[in-house]
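Before we start, here is the structure in question, set down as structure tokens.
When the chains are written out, they are named A, B, C and D in that same order, and each has its own residue count from 1.
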Amino acid sequence: MKARKDEELRRKIYTVVFRSDTPAGRLFDLILLWLILFSILSVFLESVASIRQNYLVYIRTAEWFFTAIFTIEYLLRIYSSPKPLRYVFSFYGLIDLIAVLPAYLTLFISGGQYLVVVRAFRLLRVFRILKLSRFLYEGNILTSALKSSMHKITVFIMSVITLVTIIGTLMYIIEGDESGFTSIPVSIYWAIVTITTVGYGDISPQTPVGQLLASILMIIGYGIIAVPTGIVSVEMARATDEAKEKCRFCRGPIHPRTARFCANCGKERASADAPQPLEQAD
Amino acid sequence: MKARKDEELRRKIYTVVFRSDTPAGRLFDLILLWLILFSILSVFLESVASIRQNYLVYIRTAEWFFTAIFTIEYLLRIYSSPKPLRYVFSFYGLIDLIAVLPAYLTLFISGGQYLVVVRAFRLLRVFRILKLSRFLYEGNILTSALKSSMHKITVFIMSVITLVTIIGTLMYIIEGDESGFTSIPVSIYWAIVTITTVGYGDISPQTPVGQLLASILMIIGYGIIAVPTGIVSVEMARATDEAKEKCRFCRGPIHPRTARFCANCGKERASADAPQPLEQAD
Amino acid sequence: MKARKDEELRRKIYTVVFRSDTPAGRLFDLILLWLILFSILSVFLESVASIRQNYLVYIRTAEWFFTAIFTIEYLLRIYSSPKPLRYVFSFYGLIDLIAVLPAYLTLFISGGQYLVVVRAFRLLRVFRILKLSRFLYEGNILTSALKSSMHKITVFIMSVITLVTIIGTLMYIIEGDESGFTSIPVSIYWAIVTITTVGYGDISPQTPVGQLLASILMIIGYGIIAVPTGIVSVEMARATDEAKEKCRFCRGPIHPRTARFCANCGKERASADAPQPLEQAD
Amino acid sequence: MKARKDEELRRKIYTVVFRSDTPAGRLFDLILLWLILFSILSVFLESVASIRQNYLVYIRTAEWFFTAIFTIEYLLRIYSSPKPLRYVFSFYGLIDLIAVLPAYLTLFISGGQYLVVVRAFRLLRVFRILKLSRFLYEGNILTSALKSSMHKITVFIMSVITLVTIIGTLMYIIEGDESGFTSIPVSIYWAIVTITTVGYGDISPQTPVGQLLASILMIIGYGIIAVPTGIVSVEMARATDEAKEKCRFCRGPIHPRTARFCANCGKERASADAPQPLEQAD
């Protein structure tokens, strides 16, 4: 009897915690979203020196409050999940654990000299923001287009890396230490800053030959931005196209969605009660 | 009798002030356009220190002149509008009010210590430029394409914000105060400056690990610019396509251009001179 | 008799000077191209202080040599042109004149205090480079696509100008003189530097609110780069499409160029001797 | 008998060294890839001053180890190649030679004053990275799209170069030495930095007229990035399209996807389950 009641409670909690297609589940998700945002905000505020000096107590209190809530949420998820182990080792299960761990670690690992490391642990809690992606259901076409263009983009990025390696090395030989090109890795960093058109200006060529090579690199970078754009555009067009309805007769796409007849074979779009003139004519 | 004459005058003013499909209306709009541009120019000139010191009297006179004209225009719009209240609370009604208010506010709120605030009010008059958009009739396809891609672009921007938050936090841990990464919000600001390829260079990584992470962020930023571009290209193609040729029978758009049948009414596409073998075969 | 000989000479010169579809005309164009490039190079070298001090005599001699040749070329063009006046006032006629004028002007307008102005005149000779465009015949699809997207791009650029005006003004109020935002025009200049993702870094926001607004402007700029790209992509696709061959029967495009049958109606592509099965079936 | 054994060995080595469709060949390629990466890493490390001072002996040893292996590999390739001379003068043959030469050159050209030149020779070994491209088989569609858009992109880049030449010269006249525009070549360098939206900020306009011209250049640069993007997108769409579905009868590509007839052999596209009313009507 108790086991059955337990099972009922478990299912109820499951509906609220894991599902978002019920009013209760939706409310739970919304509250959780705001709690995550506020907990990230508290990490941000703690990092600002002037705020840390004046309001440290309040921020720490808020952090423990958030940690407590997220811990309860984590335990509820484990309790209510039909397959607890699968949840624990799933992507979001691990993110949920990482979101609460750092706060508890500060209790055990403390003392003056470890403080900086501990701060790093605490900042990891920012990964709570990854939980936000749970609330995004709209990215399907985007991710489908990106996945199918992944292969071409890898080739493109490897070509870019080869190019910046060679040009970075050349610039190191041409410019030398005076202009800030102190080593090949730094010169490659400069080449990436340039080819991506970021251009900080902390390192910039001073010799005529260096400026000529830099100009060529910039024009290349300006031109080849077209490549990933072209790849993704084509894939995006394909993904959008494939998400369209197909004609029952000729398999051609029906466009626009409100069309009553197929633009390719002229047959009326499939609807059980509609007459199908050409078929009858045969 | 007088009411009828009033009504006639009102309609006449309405034609001139609100419509731009008559010669008088077009002239009114053109004069207004130039007045707006000159009034914005006077605000610009006042903000330049050397001009303010020498020509303040002239600029102030010009501003009151523009304010007077825009006030008369505002009152005429209220008077001549068939539904005055609807105009007053419409988007352009509010903009028209905001365009004249700041000048009058400077009369009441004055005195040494409030001057800066007052200056801010006066500068708000720059919003008169929004009136310019009333003169643009060409942006329909643009706004249609942008509206239908709004959803995907929101997902994209949220992903970018998540990314810059995580990388900004990591950079704050890696680089620290010496390189200018004084707090997490500042580090996120740097990450946005970098991923958008703006790259001011006021903050830039100094450690090898920081430069490596920055390089990765740049290449990501360089690559994902393709995403919004792809989205908008596809939507733009769709919006342009749908605005294309119309069907002879039902006035619906014919899509694609090579379609043989209208997708809306199922009739064969009109081309008098082309042979129509299939029709004859029936 | 002499008139006829003159006419013959004129036509001969015309063929060499104006046409580039004969071996002589092509050689003339090629020599001219290299002369223009060398004359531009001499202007460049003169502007470099260290070279000017050491080799001024050689550079000046070279410049008079180029000026003499271009003058002869200009006179030959006037002499041989069938409608001399039309040539003189054509785009390239004016460019050809501007290319030789500055050198002669330095003879009349000389003297210590005018030197800088004279230098400006001489530098105008760089516009000879515009002559280069005469040698480009490949840009037809490009210019066609750009012309038909001109209207939408104008609307886009006006929207961008409105946006940078408003955000520039807001930044002037928020940041003030300390961060380099000394006047509204300078702030608008900064906004353009930011939204186009150039980001010099000579002016950059220092206050948190300013950095937030700048971040928003950057993300907007990063996003809306997609708009002109989308416009041009669509127009380019259209221009490429329209340059394709059409089917004789159904007016659909024939793709690829080597196709033997139309993909839409299945008829064999128009070639006088080929059988036309469907037509015969009727 | 021995000759036949030699021939067998030669073919065996050929399979391992040149082919990558056998397990042994694939392993050889993988090991080579890692050796190249490590040898490049050793060049990088040597360029970092602090590492060079402490670990020079180890790095030099590693470099000789890599040089020995690459020399053996080069000799094996010459030995096993069916047409040795053709390999030696092929692109990869020359790269393979350049990859080992610099190390041997340091033996002959040595001495204090030549050290910098020698370092340059040694750094050339970085070109070994070009060997990496041998491992990329995925770039076919990319290179096909880039090749067919090469012509239009050349026109585009020449237009950009003309534009930066003219604007660079104008900026040199307007800004002068004080703002860093010390010569026309430097001003053109600035114009390229600006139009490609890199924007180092080492040179930036200070006068109002210069900032206005720079703003125009930035907006142009922001707008025309669309041109190469549009070109490549269209070509990429074409290249992807042509690689699509094949005809059941003639193995030619079916284009567009919605086509009812093959453009190559005119036969109706194969779809067994779809009703084929027109065929029956005949």
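The rule is short, and it goes like this: contacts are C-beta pairs under 8 Å (C-beta built on N, C-alpha and C of every residue); 3 or more make two chains touch, one makes a residue touch a chain.
Nothing here was measured: the structure is a model prediction, and the numbers come from that model.
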| field | Other chains in touch with both chain A and chain D | value | B, C
| query | Of the other chains, whose C-alpha centre is the longest way from the centre of chain B? | reply | D
| task | Over half of the contact pairs shared by residue number: find the pair among B-D, A-D or A-C that meets that against C-D. | result | A-D
| note | Of A-C and B-D, the pair joined by more C-beta contact pairs is B-D
| query | Copies chain A, chain B: same or different interface, half of numbers shared as the threshold? | reply | different
| Whole-Å distance, chain A centre to chain B centre, using C-alpha means? | 28
| remark: When centres are defined as mean Cα positions, the distance from chain B to chain D in whole Å is 41
| said: For chain D, give me the residues that contact two or more of the other chains. | reply: 185, 197-201, 225, 229-231, 233, 237, 258, 260, 281-282
| field | Complex contacts: residues of chain C adjacent to chain D | value | 40, 43-44, 47-49, 119-120, 123, 126-127, 129-130, 132-133, 136, 138-139, 141-142, 145-146, 153, 157, 160, 185-186, 188-189, 192-193, 195-202, 225, 228-233, 235-237, 240, 254-256, 259-268, 281
| said: Which residues of chain D touch chain B once you look at their complex with the stated criterion? | reply: 197-201, 229, 233, 258, 278, 281-282
| remark: The answer for chain C against chain B in the complex is residues 151-152, 154-156, 158-159, 162, 165-166, 169, 172-173, 182-185, 194, 197-201, 204, 208, 211-212, 214-215, 218-219, 221-223, 225-227, 229-231, 233-234, 237-238, 249-253, 264-265, 278-279, 281-282
